[in-house]
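In the two complexes below, chain A is the common chain; its partner is chain B in one and chain C in the other.
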Partner chain A sequence: MERIVFYILALAIVLFSVLTVTSRNILRAAIYLLFVLMATAGLYFLLNYNFLAAVQLTVYSGGVVVLIVFAVLLTVKIDHKLPPVGNLKAIVSMVLVAMGVGTVVWAVAGFNFTPTAQPATGYDVKAIGTSLLSYGNYGYVLPFEVISVLLLAAMVGAIMIAKRYKND
Partner chain B sequence: MYNFSALTQSIHQYLSEAMSPLGAKITEMAIIGLVLIAFVALSVMGLVYIERKVAAFFQLRVGPNRVGKWGLLQTLADFLKLLMKEHIMARNADKFLFNLAPFLIVTAAFLAIGAVPFGLGLQAFDINIGVFYISAVSSIGVLGILIGGWAGNNKYSLIGALRSGAQVISYEISAILSLLTIVVLAGDLQLSAIIESQRDGWWVFKGHIPVLISFVIFLIAGTAETNRGPFDMAEAESELTAGFHTEYSGIKFAMFFLAEYVNLFIIAAVGATVFLGGWMPLHIGHWQAFNHIMDYIPSIVWFFLKTGGIIGIIMWFKWTFPRLRIDQLLVLEWKYLLPINLVNLLVVAFITLMGWHF
Partner chain C sequence: MIEGIGVTEFVVVSTLMFFAGVYGFIVRKNLITILMAVELILNSVNINFVVFNKYLYPNLLQGYMISLFVIGIAAAEAAVAIAIILNVYRKLQGIDVEHVNTMKY
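So, the complex of A and B:
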């Protein structure tokens, strides 16, 4: 049962990833990307890691893709099609993709996966929250604060760009 | 109090004896799916009828009264009419996205309704992050509105989609933050645990004024998230004909219509579960006799009474207040609701820390 669901999700991820980069209609590409991200969330649900799955759905499907779609809605007309890719570009991309796939396959094949008989360890949302704000060993308070500052800077920047000046 | 898990357990036992574990699992999933679809179809028909009657009484009219007794069959007749209508496709529309949009909205609504606890032991999917899960899956629904508005190649629907996108993204923050106040108080995200924490009184009574504030904010944000009046800028029929679903006809329009009422039900159900105790009867502290009498009313009746009450309040909003402008709407969210909500969350966290709640 789980295996069947996994293969369906994996197939969806591969299929829609390819469609995302090959589609010439930019909004369709964004929607294929949405399907890829939702199938990834499905994988997390399959692993019983519900928290990460819900984060994936909120941040990527409900946040990033909505922002992309929003930008497309504001800028692109419905009959607009991206120009086809030139030959040189296609060849260079193919070589790069082949190198990337080769690296991943080499790394995965070289890793010695040891199956374990132990049951999956449970997780707790409280534990996630505590370790996110803990400053002890394996605490994440520094990355958390750095990212907050980064987001604040991005927000200030966005407001400065959008702000109207009086002498304009 | 009747526990529905006895019923579901007996069905599970019967199916396990009759077929293999895999077959039993698939059959159970099919049964749950069918029950939910039937429930959604019936409750949406009921809600449409109630809304038309409520609107009529607010406007001193009679409302639907010709088809069946008191017009009760009016929505069924309308539904049959919608089923038989022609599918119209605009010439330069993006066919794939145009057809996809209604399904996205309905899928998001069904994903969310699976986690709603209808009664004691009557919950299809009691996930350990309940509140977070419902807000996560319902955030996909806005994509259906955005895509549907764009793919129809119509300026009115594009404007409706843009307005609705800005609105839903903004008000989602308020809805989640107001739910977080109860998560802080209850100390858990799981819906059954949140209900269990209200055994000695609903949070709206136990949590003092901050919880009342967050309940009001939740009602406002929920109304805005479902694109209902006075925040129905996405369709605003007097300025945008029908907003994002202008180009839709027949069953596809019916799916948008269905999703709107399912979302109304989900918002009301989540509000009832988190703030008003869901299926938990009205219990007051240690009044044993009173609590015992209240337990005689079945859990499912409590759930539908509370949900119906919240739906009634939201309908009351819609037919009382005039529609806002989009800039007023965004100012209300970002300049008033969000700061109030953040301070409120801080106050609730302090109350929880000091143990001042009942």
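So, the complex of A and C:
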């Protein structure tokens, strides 16, 4: 059963990723990106990582996609079509991408991943919160503080950049 | 873990997603579509971290934590990038990459 769900999600991810970069209507591309991110959240649910899936749904498909849709509506006319890609450019980039996919799939298929026999522990939100604020072994208090400063800087920077000045 | 599904299947899915993002990054000229391609790339890397954590080191939380931080950084990056795109649109009346060449030479 889980296997079938995985294949459905994987098919949705691949299909909508390709549609995101090939669709000529930019608003549709944003909606396809939303579908990709929601299918990824489905994969996390399938792996029993519930908190991460919730973060993915709220921050990525809730926040980032809404930001992108706002930017699209503010900058592009709604019936605007992106210009078609030139033949030579499309062929060259497809060959490059196919070579990249071939290399990675070949390397991964030849590698023998051995899962550990150790039991899974600590996927509840309490363990995550404790580990985020712990400064012992496997503690993440330093990245936590750094990312809080980064988010503050990004917030101030976004406001300053997007602000309308009087002499514009 | 899922019965019958190994690490390889997940990595193949995330590879296809990554290279779809790379393709969009190369062929598109609109700044917003380039930003969407970057989001695809970041998201595919997240899948890899999560799957390696779940299958190979299920007793630790490292991949999980890195995914959380990557999601936070991606959100910050999207906010700043969209502010820059709006500013470019206001100054140059267009958001294609050909317009943004004042500082090129």
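Quick notes on this one:
As a convention for this text, the second predicted complex is superposed on the first by the 147 of 168 C-alpha atoms of A that agree within 3 Å, B and C clash if a C-alpha of one lies under 4 Å from a C-alpha of the other, contacts with A are read in each partner's own complex, and residues count from 1 in each chain.
Definition applied: a contact is a pair of C-beta atoms (placed from the backbone, for glycine too) under 8 Å apart; a residue touches a chain by one contact, two chains touch by 3 or more.
The structure presented is a predicted model; accordingly, all values stated were derived computationally and were not measured.
In the superposition on chain A, A:L74 contacts both chain B and chain C.
Partner contacting the larger number of chain A residues, of chain B and chain C: C.
Shared interface residues of chain A, touching chain B in one complex and chain C in the other, are 55, 63, 70, 72, 74.
Looking at the complex, you find that chain A touches chain B at residues 1, 25, 27-28, 31, 34, 38, 50-51, 54-55, 57-58, 61-63, 65-66, 69-70, 72-74, 78-79, 125-126.
On the side of chain B, the complex with chain A involves touching residues 22, 25, 92-94, 96-97, 100, 127-129, 132-133, 135-137, 139-140, 142-143, 146-147, 149-151, 153, 158, 161-162, 165, 169, 172, 187, 189. The touching residues of chain C, when paired with chain A in their complex, are 1-13, 15-17, 19-24, 26-30, 32-33, 35-37, 39-40, 43, 46-47, 50-51, 54-62, 64-65, 67-69, 71-80, 82-87, 89-91, 95. Across the complex, chain C is touched by residues 2-3, 6, 10, 13-14, 17-18, 20-21, 26, 29-30, 33, 36-37, 40, 43-44, 46-49, 52, 55-56, 59-60, 63-64, 67-68, 70-72, 74-76, 82-83, 85, 89-90, 93-94, 96-97, 100-101, 104-105, 108-109, 113-116, 118-123, 127-128, 131-132, 138, 140, 143, 147, 150-151, 154-155, 157-159, 161-162, 164, 168 of chain A.
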